[in-house]
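Labels run A, B, C and D following the written order; every chain starts at residue 1.
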């Protein structure tokens, strides 16, 4: 009877479907004996894909230069896996990376949330993980296997607070995106700012991707702060700034390195004028490594890179450097130790040294958008 | 008894053999954490789809906020594990019960709504719960999420090995699905289906429709909560993003692809929609387009799903010994 | 005490009096027909009795107890079951499952019982279901999907579902609508056999011959009011009824 | 004297509401006729914005030309969408299949699948970031009205929404095509029996509804200067909410509720906080559903 035959064929199909990933994975490991591999988990699709795509381009630039330099006799490969900024996917990818014996270190993820979910896997398995952007205060505390080369908000917040206090700003309104990063950015800044004698007149969080800030802006205007300190990424930044100007509100805006992106100027145009922020990457820097990177980036993308690609570029190079140091017997443990020993690594975002807490010690710069360009200022 | 019962056992033993023999053997042989992760994910989503099946497939209530109850379960388990130091043994039932309690409260006013009104109400409730998870920082730790380091600890035995974790998940999911199976393939299930077909008419047949809806919504949320606890303990990290509208839609897509109204279909739908994106990883950026296309074509060419209700029901009856003969002489065999 | 006592039952829809002060009763084992021209309020009367439509005034007592204002399922559970004018079977369920819903409704089935209960309750439900199927002669189609049945068989399916509740009072709303003469005759025989087995039946019907042929008493409604309530022969001779019918029907 | 602060907040809430209304009109039109939820409406909105963007970057035409091109593209999308995601599942043979929940659910899922393909396809082609727009085209020049500041876009969007609503009401009540749409909406089988070409009417409805969706997309895109693949999701949900609050099939009802929604969100930001604003909108919805189960302006449609 047809009724009984149908389920059977479908069952066979399902069986085949179950067997297929097994077969591909087995084939994959067999081929992977030769080159050394780095895993890179990042959002290549989904709402934050633009960041992941930037990381990927930066990593490809870094890797091509490294393999061409001949610093190692074997090739290094990077395996990119798309996490969609989804913890479920991130953990699955982490397991996949851990399973591949050729992978000696992992880069990523983009958000702290996914990085930390995956970190549980890396901690168990003993896999060094270096995130270019996870800034959650607890991230590096998860285990001795977690590193990051981005300054945490524990550093950036007080730095900005000191800057604004020095400028004579006493009353500030705080606006942050409702993410782990936004929360910590606001918190570290507020603590330092109030400790320095300033006053926070308003604290507001918004859901990322909010199209309309005007109600919030009007509220800020009413609180009459001397300045607004903002923890947002470039797209929200552009919307925020544009709508502020529309409403005719003229309050200086300060922000973090996350908003340091050429796209802010592209999207907000003249309205972006006067936005002040901190960064550790200046594309206009005369340093040769920066010039090289910027030139390569412009070749691929046609515009100058922002803070995040630079972070990724450095992260890849730091990881590669650690692999070189542990060569010829490259193991995950040796790469971890080499990473921990990173000292004065000359990157495009300044020199990186990992402290005993696996946090980077880095220099920040102050910039402001003047005449449509991020301009370093010495205030 | 005898003949039919024996026939039933064969079907059940085959399924159990697959879940507890073949799959773990293959997983252990491959020795890959990745496969264990995918297998756990499949099991958890199979439970989510099976629990949604009860509400949407059987009782016909289009539920667009299932992921919120999954999230409540995950948060209860994770917060109990970290803040209260109450481990898996307490966290698991608590996750189910709290999710069910929420569902019950929510169900009281909403269950009188019909059709699309009900769907929108569940959508709104799902979004509200998610908003609370994201913004009630004091309790849920907000966007930071909750990290759960403790792992599964059963009566003093800390289960570390992936195989052991798989078995815990598999046993719990199987038990839950067994309960859901009993509920949907029984006279109780028939009453549920009558709600889907014509609830006014069911009322005239003496079925207390509102009570039944509240009951089934609550039961379904209980199992979603259990699935949430399993997710929290297998991942070690929960954050509000995992329990949003898109997850609700994913679960709904599972039961639709599998065949609305069929429990085996719901489970197969979960298997397909979890495995498919993994299989398509090689396609890179295009894989989500592919998932959308597969979903579309499966709806277009298999309107009854991979495993429509009618064929599923007759298979269950044949395979699980619930078949009755056409002649009244076999009449003692009906639903069990 | 009568099985059902309908007293001064009234229903208003806006300004319209759909059922106007109707009083009647059905005794145990009686077969009562309700006739009347289109729009006379027959179906509304049934909806009022079975709890689908709330009463504007009046009272209904079933087995001596007031059932006014009870929900349909509560009334059904007390032993009154009905069919619908416009054929409402559960199309995507098998014939057996359709009928079993009636049995479940009457006997009750809890979630706990479904999961942990033994075979006794479900055996009782399936026995009832089979008995009802056997009574209407649909055992051969038990596994068939209700939507696949012929129109005539769906009629019997709906009756079987009501019978599975083993009601004390069966309310049939235009069972012969859409049937041809031979099918109607067959149905008449079937209804009579049910009544002969002791079941009280209330029957709304357009088909005068059917009602006159099998009912022991006939209630005539016109524009919501009861204009006659007597044996068929007496109703047939009643000038008021003749006028009401001649005035409206061809 | 009212505090100008609250006036400003009211104005902002209203302008939000008008944007939701713009989206809700097309959404409700399609729902009202077909009785199915079109999950892909948000993607029509997004695609409309992208078509406008491409056209602007390629030819730099005047604003009105952009709008008309987008409207035409929207109509084409509507026809395509109907063909792909709805037509194959529509079997108008009998009453049962028409009312069948299965049909509604399969179109719900098929439109969802189409929306996934469209969104992911756009992301694949353009990336998920916001696209850069020429500043000349943005409709956000401030206009001062006493203490309240609005922008040019508010006026334009309000005017377009009013024209849409008025035109639609005129069409539905005064023209043959509108009559056909209403007939199909009220009783598809009956409409078929009296000789109305139901297929064509449904396609017309989709074309009209999608035209409005696409137009809303480019207008809102230019209003915020933000065009990106995921832009349709939030307004889609809000339009859905407004439609339900308005009673599912009443277009003016949906518009009024969209305004209410925008206002209540604005007030929520004012008095509570921006991140809890969604809560108020959804809470509003639940309250409406429970206390006004037919919607605030429902046409008494029951058991939909």
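Here is the rule we go by: a contact is a pair of C-beta atoms (placed from the backbone, for glycine too) under 8 Å apart; a residue touches a chain by one contact, two chains touch by 3 or more.
Note that the structure is predicted; figures quoted are calculated from it, not measured.
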item	value
Chain C reached from chain A - shortest hop count over touching chains	2
Central chain of the complex, centres being mean CA coordinates	B
Inter-centroid spacing, chain D versus chain A (mean Cα positions, whole Å)	36
CA centroid of chain C to CA centroid of chain D, Å	47
Whole-Å gap between the CA centroids of chain B and chain D	33
In chain C, residues with contacts to at least two other chains	91-92
Of all residues in chain B, the ones touching two or more other chains	134-135, 196, 285, 288, 314
Sites on chain A at which at least two other chains make contact	45, 178, 205, 207
Interfacial residue positions of chain D with respect to chain B in the complex	37, 85, 88-89, 101-102, 105-106, 108-110, 112-117, 120-121, 123-124, 237, 240-241, 244, 248, 275-276, 278-279, 282-283, 285-286, 289-290, 293, 302-304
Of chain B, residues touching chain C in the complex	179, 182-183, 186-191, 193-194, 196-198, 200-209, 215-216, 219, 261, 309-310, 313-314, 324, 326-328, 331-336
Of chain A, residues touching chain B in the complex	3-4, 6-7, 10, 14, 17-18, 20-22, 24-26, 44-45, 81-82, 85-88, 91-92, 95-96, 98-99, 113, 116-117, 120-121, 125, 136, 138, 142, 178-180, 182-183, 205, 207
Chain C residues touching chain B - in the complex, by the definition given at the top	50, 52, 71-73, 76-77, 81-82, 84, 88, 90-94, 96-98, 100-106, 109-111, 113-115, 119, 122-123, 125-127, 129-130, 133-134, 139-140, 142-143, 145, 161-162, 165
Chain A partner contacts - residues on chain D that touch it in the complex	5, 8-9, 12-13, 15-16, 120, 123-124, 127-130, 132, 135, 140, 142, 144, 149, 151, 220, 224-226, 228, 230-231, 234, 265-266, 269-270, 273-275, 277-278
